Every structure is written in C-alpha cells, then in structure tokens.
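In what follows, structures are represented as structure tokens.
One chain, chain A, links the two complexes that follow: it is found with chain B in the first and with chain C in the second.
Take a look at the complex of A and B:
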C-alpha cells in the first residue's frame, strides 16, 4: 500500500508537469498510434509473403509484438525512467544518498522516482491491439491457458524489471557510463519475435543468461498452446534466480557506493 | 549513555585507473578521508564539526547516517549500526545537505512532504501537527504550493529543513545548512534549529564553514583535520586554550591620545591608523583595563573575545599547537 501511495503522488505530479507542456500529451499519443500503424503495415507486408514466422501465424506474431510493447510501456510508465536517471545522474551527483536514508527499499524507491504517465496510455493501446489479435487469431484458447498467461504476465513483468535493474547496477562502479540504460532498450526489441527465429546459441543466451525472451515468449506461448509446465516452472525458477542475483549485486553496489563529494 | 558512539572509524577511498593498452596494470590512488576517529555524543547535544575543506567532516556524517560504509571501525547510534540501515534507525534520523536537494525538483513542497509522510509512514494527525508547527516557526506557509524548481536558495533550504523534521527524528545531521544563504535566511535557519534543539531536545551534528553558525548554536565543537580529530570540547574552552587574550580596542582621536597609548604598560600592543589594539592575557588584564579606563573616555573603548574564526584558521595553519 505504501508503495502504491508513493506511485500515486509521483504519477499525479508527473502528469500535471507533462500536461503543462503545450501539445506534449497529444503528440505523444499521436506518435504512439502512428508507430503502431507502421508496425501493423510492416507485419502485413511480411505475412503477405510468408505463411508463418518461427511457426507462428500473422496474428500470433502481432500479439507477441503488442504484448511485449505492453510490458515495455508499463515499465516506461513506472520504473524505467527512474532507473535511467539512477544510471546517468543519481550516482554521479550523489543524489542517491537521499534514497539510502529512507526507511524503504532504495532500489524500489529509485525505480519509482520518475514516472511517465503518458506511457500508461500507450500500454492501453497495446492492450487493445492484443485483444484485437486474440479475436482474429483463429486458435481456441482454454481458460487454464488464460489463467496461466495472467500469472506469467505478472512474473514476466517482475523478471523484466529485474533485467532493467541488472543493466544499471554497473553504475555503482562505472560512474559515468551514459549508455547503460540503452542496453535494456536494445535488448527489449528482441522480445517481439518468436523464439524459433533465433539460432540455438542465441536462444540459450536469451532464455538463460539474459532471459529477455522468457519475459514475453513463454507467457504468449502458454496462452496459445496447452500450458507446458516445464516452461512455467522454468520461468518461475529463472525469475527467482534473477531476484537473488539482482538483490546480491545491488547490495554489493550499495556497499561500494562512495557518494559524491559536496 | 551516549546516543552516538563511534570508535576508530576510518574511511579510505581508492581510485582505480585502467589503461586500454595495459589492461592488467591498474593504477591505484588511495585517499584517507577519515582516520581513526572516535566520538561520543549525548542526547540533546548540539555539536559543531569544524575543519578545512577535505578534512573528512561530510564523509563522517555520511558514515553516521548510513550512506557509506566505513573501511574500519564501529559505531552505535541509538542501538543501531548506521550502515546496516535498518528501518528503525532510518526512521529516527535525518540528514540535511546544504548543497544537495532531497526534495523532488518538480513537485510543490507540500507534495514532497506528503511523499515523505508515506515513506516514513507518519500518521495523518501527527504529520499535520508537525507540519503546522514547522511552517509557523519557519514562516513558510506561502512556499507549500510552490514547486522546488521555482524557489530561491533560502526558500529551498527552509523546505529542506522542514522536510527533515516531519517524521520527528531524534538525530539530525546538518551538512553546511546555511551555505549560500543571505544573512536574513541564515539567521532564520539558525533560530529554527536553536528552537528545535531547546524545545524538542533533538540531537544535532552540524558542519559549517561559517563560524557564526557554530558560535551561535554549538556549545561543543569537534575539530578535524586530514581525517583526524584535533580538538573535542567546549568552544569557549577552545578560545581560552588557544587564545587566552582579551582584545581591547581604543579609538584614538588625536596625537595626544596616541602618546598616552604608547605609555600603557601592556605586552602586546599596536596602533592601526586611529585604533589602539591591546591583546591582554589573564595575568595583566586587570591592570591593563584599569589603566585604559583611567586614560581614555569609556565610549572609545571596546573589550572583546578574540575572533573564533581567526583562532580556528590559526589552528588549521598550525600556528598554534
């Protein structure tokens, strides 16, 4: 509840700030709708030439795209901007000091410190696109698949958050590395494709070492096909592993933190 | 029992330089910021930390507030090790840094305060009562709805201080709280701190370059230089120990008075333009004062303690041992 109230206050003010910039909200929404349209045209062009991509049909692939963008937009709305600021400014300026002295989890507080409310609107558009794809997909979807999908969606969001954190943790040691937040931006572009299009070595990397494909692909696959518990258990396990890994590395970073001189 | 107890705290910063062409050759540069520092502070004390730039004052405050880990040493603050950062400890302390903002830049002050209320889980009634008190003492009602980015430095500092007191901390670390403030703002900040210390018995540790802050607020001072403690005691005792003389100044209106001044029986005396200056130690003070008042009109005489700033600067320069 405490964190929800913190989110509410920051989100409210971020919205007030954004809406004061003339045209900001409208142009952001227009830009998002425009980019969705372009992607729909792009997928239409591809699927007018091929029947499937990695064994997935047109609407399955479009669903995977919309679903991954839904997760990315939510992360931009709530956690990504704070983590970006952490990697680029907070450590360098020593502002991280004030997150360490609060009786809350500093990692969560840093993540929530800056929010992009407009991205909630974007995530809504992608949600609508997901529903549109499901209506047109032509595959019967069972209720157990839907339940498991929703559970894995939540797990996927947590795993995606942990991956975002792990990419900015080096900022504790590499104080002036501006490009750190770009790693997750680039990697998250891979979330939109079916796993089978990648060669085996890349699949191993993207499912195990930096499990960005796990975030979107396993929940989507669970929705379209009868739940495979090997995948579900794997996703839960890898999320747990990354939770402990991130927590350990973060604590190590905090111990190493030397603040900035005044 | 001491509220703050730190024993043999040291902090060393190591800067590592890597070369692209010699990847296995790492150049290390080590700097000792705090060196074997031990202090004990009682509840309700207002302690001044003095030292030149780079002496280790801020680093020590950051260690006590749990922001950074010491290299060696131990500390117990209200029964907690600060760098363990348990929530019980963090809820009972605050740190104000004059050169950094802890409030959210984009938010109006009241929203920042509300955010802190959530973070510290302060009950609504208690929050409102404390906020009303702080707003009244600081005279900052009109600032509540103003965004931090639109405030002057003095206004911002008032808000920073107010924010630090909302959860009623028992210990407040103040790092240069009056830096860059105009005289009026600095005075109102000092008044506020004095009031909080007297009425609420909060414990304060203050670092400041302005001796005026220290003289007005702190009975006890700790002087550190190159990370080491060089003095720990009453400010008054420091002045008596390092500069036991009184400073007697006489306005000399004409040549006749200058001649009279030359005949005064004092060990250290000199004339600077129209002012006769005598530095009289305890042994000769009574006799010198009597002689001065016999020879000059009282309205032209002033007797003062030596300037604390000058004494401290002399300590740092090594002129007094």
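Take a look at the complex of A and C:
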C-alpha cells in the first residue's frame, strides 16, 4: 500500500512535468503509433514470403512483439527512468544518500523515483495490438492457458525488472560509465521474436545467463499451447534465482558506496 | 593567408579538444557500441530464419547475403549518429550558446563541425565491433570491390552531411519555439524508418516504395547500402550525389537563414 501511494504521487508529479514540456506528450504518442505502423508493415513484409517464423504464425509473432513492447513500455513508465538516474547521477553525486535514509527499500524507491506516465499510453497501444492479434490468431486458447499466462506475465514483469537492476548495479563500482542503462534497452530487442530463430548457444545465453527470452517467450508460449509445467517451474525458479542474485549484488554495492563523491 | 592559417588553427584546436573529451570516456563508448550489436544480431537471426523456413533464394531481388549485409551496414550508419550528435538545441535552450557567440569563431559552423567529429569517433569505435560481426557472419556478408567501396564512402559522407544539415534546421528552431528535443527525436525516428533503417525499401509494398523513392530519406540508408552492394549503376550513383548535394544546399541555406534570424530573438539567458 505504501509503495502504491509512492507510485501515485510520483506519477502525478511526472505527468505535470511532462505535460509542461512543449510537444512532449503529442510527439511521444505519435512516435509510438508510427512505430507500431512500421512494425506491422515489417511483419507483413516477412509473412508475405513465409507461413511461419520459428514455428509461429503471423499473429503469434506479432503478439509476441507487442507483448514484449507492452512489458518494456510498462517498465519505462514505472522503473526504467529511476534506474537510469541511479546509474548516471545518484551514485556520482551522492544523491543516493537520500534513498538510503528513508524507511523503504532503497532499491525499490530508487526504481520508482522517476516515472514516465506517457509510456502507460504506449503500453495501452501495445495491449490493443495484443488483443487484435488474439482475435485473428486462428488457434483455440484454453482458460487454463489464459490463467497461467496472466500469472507468468506478472512473473515476467518482475524478472524483467530484476534484469534492469542487474545491468545498473555496476554503477556502484563504475561511476563514470553512463551507458549502463542502455544495456537493457539493447538486450530487450532480443525478446521480441520466437526463441527458435536463435542458434542454440544464443538460446542458452538468453534463457539461462541473461534470461531476457524467458520474460516474454514462456508466457506467450503458455498462452498459445497447453501449459507446459517444466517451462512454468523453470520461469519461477530463474526469477527466484535472479531475485537473490540481484539482492546480494545490490547489498554488496551499497557496502561499497561511500556517499557523495564516490 | 596568415589570417586563414589562424582561422584553421582555431577550428583544429576546437576539434582536438572535442576528441580528447570523447576519448576520456572510452569504456562508456565501448559498452554502448558493443551492445548496439544486438540490433544486427536480431535481424541476422530473423532473416536467416525467414529465408530458411520459406526455402527462399531471393526476396525482392535480395539474396540472404544481401539482406544480412544490408543490416550490417544499417548498424554502421546508425553509429554515425545521423545528426543526433548535435548539441545546438540544448545550448540554445540552456543559454550556453552565449559563450560560443563571444568566442572568435563562427557558432553556426562550430556545431556542425562537432557533429562531424562525434560521428567520426562513433565510426572509429564501431570498427572493432564491425570486425567481430564480419568474423561472426563472414559467409553471409558481401564485400565490395575497391571502386565500389570508394563510391560508398563518398555517398556515406554526403548522407551524413544531409542528415546533419537537416538536423541543424530542427535544432535552430529552438530560437523560435523553445526546446525541440522531442521533435528532433521524433523527426529522426521517422527519417530513419522511412529511409530504410528497419527494412529495405524494396521489401515494402510497391505503392509505398514508389512514394518513398521520391523523398530524400532514402539517401540515408537505402541508397548508400545499395551502392556498397553494387546494385546501383554508375549513372544513378552520380544522379544520387547530385540530388543529395541539391538537398544539402537547400537545408544549409535554410539553417543559415533560421539561425541568423533566430539570433535576433535570442536573449542570451536561454529560451
């Protein structure tokens, strides 16, 4: 409840700030709509030549793309900008002190410290695209698949958040590296396509060592096909592993943090 | 003559300082470039899967090697920055341009030169990554003859100039309408997409391809890459250069006019 209240206050302030910047809201919305159009044209071009990609049909692939972008937009709306500030400014200037002394989890508070409310609109556009794909997908979807998909969506969002955090944790040691927040942006380009298109070594990396494919592919697969409990258990396990890994590394980083002028 | 030497020295020193500043953050730059490889990797795997699952030898006159080479060069052109390496908007908005106005060089020129320097640095940092990509995807990449490579280099220099001149206009609009950051990002995004950054233009529906063929966006990605792959006859290459130079003259003239008049509105404390 405390965190929901924090989210609400920061979101409200962020919206007031964003709407003051001339043209910001309009250009963001236009850019998202334009990018969705380009993506639809891109997949049309692909599927005018083939029936399936990585074993998935046109609307399944488009769904996976839209679903990934939905998760990415949500992360931009709530946690990405705060983590970006953390990596680029907070440690360098010592502003992280203020988050350490507050009566909440500093990692969560830092993540929620700056939000991009306009990205909620983007996630809404991608949600609409997801629904459009599901209407046209042409395969029956069972109710148990839907329930498991919703559970895994939540788990996927948590895992994606943990992956975002793990890419910025080096900021505790590498103070002058500004591009850390871009790592997750680049890596998230890999989660938008069916896993089968990647070669085996890449699949191993993207499912186990940096499980960005797990975030989107397993929930989507669970929705389209009868739930495979091996994948579901794996996703829950890898999320738990990353939770403890991130927590451990974060605590290690905090111990290394020496306040202002780190 | 002596005056010209001094003038050149000023700009040379300015560029040298810019270079030093950028090279101070090598690790930063290298991480950024290294993870940019993901763009190439995604399209490498996607198109490899498309050609193999459809048993295709060609799509719109492009073999798999053509398509992979296309995306390799797209990631290279993205590294050049396409005019994103310009700070004019930010400096007008914050009022920092005032410092440049009192210095003994042309502020109009200095932001253009900085954009070039940044682009060349980005390109230099891309070279080791390009080598990794070439080793990784050697069998899928088409390398040009020396003559074609030189023609490509000239074209890419013109493309960069075209992008910088167009961005210079967008940035200088800050004098009139305030912060242009959102508009610059949006325009560059549209510019890139319609120029063939995400998909080769000839893969698009015929009607859309015809429309985009009349616009200057194609000169940023589609035309240089096709020259690299030897798909453009020499007379068409010269014709493209002529059109690009014409657009560059138009854009730089507009930039000069907008900047000069904008300065009259500028109150030296930001916008």
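Throughout what follows, the second predicted complex is superposed on the first by the 260 of 262 C-alpha atoms of A that agree within 3 Å, B and C clash if a C-alpha of one lies under 4 Å from a C-alpha of the other, contacts with A are read in each partner's own complex, and residues count from 1 in each chain.
Heads up, the rule we're going with is that a contact is a pair of C-beta atoms (placed from the backbone, for glycine too) under 8 Å apart; a residue touches a chain by one contact, two chains touch by 3 or more.
Given the structure is predicted, the values throughout are model-derived calculations rather than measurements.
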item: Combined model on chain A where chain B meets chain C, clash or fit; value: fit
item: Contacts of A:38 with chain B and chain C, given as first, second, both or neither; value: second
item: Chain B versus chain C as contact partner of A:6, first or second or both or neither; value: first
item: Which partner, chain B or chain C, touches more chain A residues; value: C
item: Partner chain in contact with A:255 - chain B first, chain C second, else both or neither; value: first
item: Partner chain(s) touched by A:144 [first = chain B, second = chain C, both, neither]; value: neither
item: Once both complexes are placed on the shared chain, angle at chain A toward chain B and chain C, C-alpha, multiple of 10 degrees; value: 90
item: Touched partner set for A:94, first chain B, second chain C, both or neither; value: first
item: Partner chain(s) touched by A:19 [first = chain B, second = chain C, both, neither]; value: neither
item: First, second, both or neither for A:102, with chain B first and chain C second; value: first
item: Nearest Cα pair across chain B and chain C, whole Å; value: 11
item: Interface residues of chain A shared between complexes with chain B and chain C; value: none
item: Of chain C, residues touching chain A in the complex; value: 25, 27-29, 31-32, 35-36, 38-39, 41-42, 45-46, 48-50, 53-54, 56, 59, 177-179, 182-183, 185-186, 189-190, 193, 198-199, 203-205, 208
item: Contact footprint of chain B on chain A as seen in their complex; value: 2, 5-6, 9-10, 12-14, 17, 93-95, 97-98, 100-104, 109, 113, 255, 257-259, 261-262
item: In the complex, chain A residues that touch chain C; value: 21-24, 27-28, 30-31, 34-35, 38, 41-42, 44-46, 49-54, 174, 176-180, 182-183, 186-187, 189-190, 192-193, 196-199, 202
item: Residues of chain B touching chain A in the complex; value: 13, 58, 62, 65-69, 85, 87-88, 90-91, 93-95, 97-102, 104, 106-108, 111, 114-115, 118-121, 175-176
